[in-house]
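Right, one structure below, let's go through it.
Think of it as A, B, C, D, E and F in the order they're written, each chain with its own count starting at 1.
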């Protein structure tokens, strides 16, 4: 089956080639873990390397900031927009949630013949709906994106930074998605390092290691698994096994 | 008493031959632990090896994905459907919950003379009812399946990944079922490995070890108990005893 | 004062002879710990060894399963029923709770001249009433059973499997009963072993050890206390002291 | 200032002679820790050794059980009742809480010229009032008892058995009382031993050690502090310091 | 800037001379930690050593007890009252909270030309208002005291005794005060010792050590920091670093 | 891109030059960690070293205290106010929240041509709105400040002091801001030391170490990362790795 490559080489290897086509992917992690960066790379690499156009749905009211941030990694979003390969959609969560608000994406999807989409973030949606509704609305939105043939990546910002008890989200939506990627901040040697793990990927084998990753001016770089620690997933690991 | 074999050899041994006939089984675990795969194998093996036809009730709106996922393990669901040995029922949780919604399964059960059923998942039901009602609705549904002579396997996706405090579900339904199988993700050597344990099995002896299992192209393979660690059940075990 | 023997030899020793007459006993534990088995043995042994007839109140809708399960331990409930020494009452929690629903037990108690009763389980009652009412209803029910000269054993299924913080129940009913027996699952060497401890027994000395027990075809067998571990009560003990 | 002796020699030493006159004392602890026994000894010793009569307010509906339990420690409550030195008042929590329900105690207090009273337990009161009201009602009741010149001892049954996080009660009433005595169950060598500590005693020095105590046929016997462990207060201490 | 000395020599050194004038100070700690004693010493020392008169606002209904308790430390409150240097105001929390209830303190403040005040305790206020209102009411009260040129000390009784997770109060009021002093009970060698730490002091340097303190017949005596333990702030420290 | 320097040399290095222009920064930490001091330094250094005027929005009703506190670090706020480089705005949270209350800042922003603003604190806002609204109101306020070209720093006082489970705020607002700076109190050698870490900074590399800092008469001084401990972020670290 066709794989949707992120273009982040080591991560695609972890995914055994890339995301599954039309899957909905959840990327969850604490503030500063790199969720938005991962989403942007997924779209830009799609547009520039794999001929798959993409839409970035942001609930930030200041589009400038997103262009600026992307530039940090050498990504020129405006150029891609001019080439009709990428589109930044800034909207309000309540518009997307209301009635059949998801159809406000119809036009953009059609114009770009988009194959990829990023929803950044489900945490913003959560400001506008009750928890139980949130799950239903998320479900409806993700299903809509599937019917549009899109492989979607949605982000969730966990409020927990570290902890012995660890859940993907505070709102229990992970069973609604096909793939769950967890980013964690990990204190080692008094430095908050970054870890990435693929927890779930329906219908595919996948790497199960907790790997360190970094974000530099070329974007995300996934490296080898942590070694010599236990409890990486808690964010406060201890030396040893 | 007759045993309902899963066809997963080592797991059937753990069950001392298989599930008890007409029991309701709960399979609980975090995202990516393999609950759906276990459910699919239970049904396909039933149909192909034990002459017991089965129904897979999914609340996913995209049946294609389930066929595709099953194919990963060499399972051809469409062929089984043509042979009237298997049926995939995609429905909405609220239909199943409403009034005597369970009767929408009557016809499928009759056509197949089904003996096995999988409800994937109770977590989806939980989106549509209050917690207290959820327990009552689950109870009613499971009892309905028993009166239909079905051995049912229901899944629950725990939002907790690891933790010192561990409960089977967040909603307290384990006393409603006859058999509880828990899947856990376990961080060892910076890799999220998979553990399986049978916690409860009314009226039968059963294996009590926390065993490692893997999912490969042949499906689920249960191997030997973890060794040299304590706290496997927390997901963040430590070396030693 | 007269003791109500369970017939489980080592357990009766722990109880310094047996339960206190007319006491209400709570048996709490996670799924699969053996609560129902303990209740059944208490009644069958009473009827066959101590000339005390007993009633098993179940909220399961399938009485067959209970007969079947008892048979696993060599207990022939139907025979005892024919001899008027035992009665299985299957009812709905709301019937027992409503108005003076406890009087639906009057007739059975009278017919058998019952001295023992098992309520399996209070967790089922909890589905039908608010938490605060639950305590009051439980209190009323247990007091009713005392006025009927019955020594009652009620079960509660804890949703917590293991944990550093441990409470008898999630609903705070232990102060309503005279005797509290706690069953725990304990992970040792990657196996979930079973522990039993008597926490409370008003008006009597009792064993205070956390003892291992097993369930085999002869029923419950209590053995010696765990040794060489600390934190047995948490379910995730560590080697040492 | 006059001290109200409990008659439990070692405990009175811990209290530097006894409770402070007219103080309200809270005795909190898990099921089976010995709260009721402590209360009974306080009253019986008062009546037989210190010429202070006392009232035991129970919310149990079966007074027989209390007489019986007291007999276990060689206490003949009925004899004391005939001598007008002791009175057992069995009432319902809602009667005591309603309007100025505390005045239902007026007559008993007057007849006995009572100086001591035990309320067993505040947990029963908690079944009949909302949490916020519970604190106000408790406060009103305890103040009423002071105006009657009584030194009162109230019990609270904690639902927590062991735990790293430890609070006196779940309902925050400790600031309403003058003296707080905490009983704990402590797992050492797989046995649940008993600990006692005086946390608070307004206007008096007091022992601050966590001491072991036992209950035998002579009643409560307080012995020396635990030694060689840390975390006694959590109930799951570890060897060492 | 002028310092408001507590007269507890070592504590004043920790405060670099004393509290800041007109600050609002919160003293939080579990039952029995010495909050009221600290408050009383603050006022009596003010009146006798520093010519600053003070008011003690108590929500206890029995003023006698406070006079008695103060006497334990050699403090003669009645004498100070006759000299118009101190006043004990016993009132009800709802009076102080209602409308502009704080003005019931106007007269007392005026008569004494008071410079110091103790509110014992905010926990009592919390019985009469909702949590959100509590913060607003506390804020209003503390601001009123500032406009009256008073340096106020308010107490809060934490229900938590020990625990790995530690918060100053359960109700989040610490951001409303200028200075936060935390008292803790610390289990060392099976004895509950007392610790004191200044967490916050706006506009001033302060000692940051967790120091042991004792209360004897001369009042509070602060000594040197704990040594050789880590986790003092949790109340269940371990030997080592 | 232009950097907004805090003037705290080592901190600016951690920020790779300073905050990003027009970003919204959240500074979260427990009472006494130095949040207000950091905010004041940010503004005063801006006005005196970088020609960027600033506004300090306080919800304290006593402006005097803020002038006084600033003086502790040698900051003369009144002089800066006279020079129209700084303005202290004391208001009530409900005024800022109501309708388009943020416009009450319009005039001050205009007069000063302000480029920097501090909101001290969001915890005060939380007293006046429901949690869900709080997030929306915060979002609206922060967006308003961006449209005014301000680089804003908002503070949040965490009620948790130390703990194994650590979240930036209790209210989940970190996904609404561009930069998250966390201050922690850390118990080492029985002293509460101070730690600072930059968790998130959109569009910029940043230091990821947990660094110690101190506040003396010259203000904040950031020093080197903690060394030889693990679990700094929990506040109760242990020696070793």
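Just so it is clear, a residue touches a chain if its C-beta (ideal position, glycine included) is under 8 Å from a C-beta of that chain, and two chains touch if they have at least 3 such contacts.
Being a predicted model, the structure only gives us computed values, none of them experimental.
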* Structure fact -> A correct list of chains touching both chain A and chain F reads none
* Asked: To get from chain A to chain C along touching chains, fewest steps?
  -> 2
* Structure fact -> Label-sorted list of chains bordering both chain D and chain F is E
* To do: Please decide if copies chain C and chain D contact each other with the same set of residue positions, more than half shared, or with different positions, and reply same or different.
  => different
* **Rotation angle (°) superposing Cα atoms of chain D on chain E, nearest 5** => 60
* Structure fact -> Chain centres from averaged Cα atoms put chain A and chain E apart, in whole Å, by 49
* If you average the CA atoms of chain E and of chain F, how far apart do the two points sit, in angstrom? -> 29
* chain F, residues touching no fewer than two other chains -> 164-165
* Asked: Which of line, ring, star, complete and other names the graph you get from chains that touch?
  -> ring
* Put in order round the ring, from chain D and then through chain E, what are the chains? -> D, E, F, A, B, C
* Asked: Inside the complex, what are the residues of chain D that reach chain C?
  -> 30-32, 36, 61-62, 65, 68-69, 71-72, 121, 123-124, 127-128, 157, 159-165, 170, 185, 187-193, 215-216, 235-239
* To do: Could you pull out which chain F residues touch chain A in their complex?
  => 1, 20, 22-23, 132, 135-136, 139, 143, 146, 164-169, 172, 174-175, 178, 180, 182, 197-205, 208-210, 225-227, 229-234, 240-241
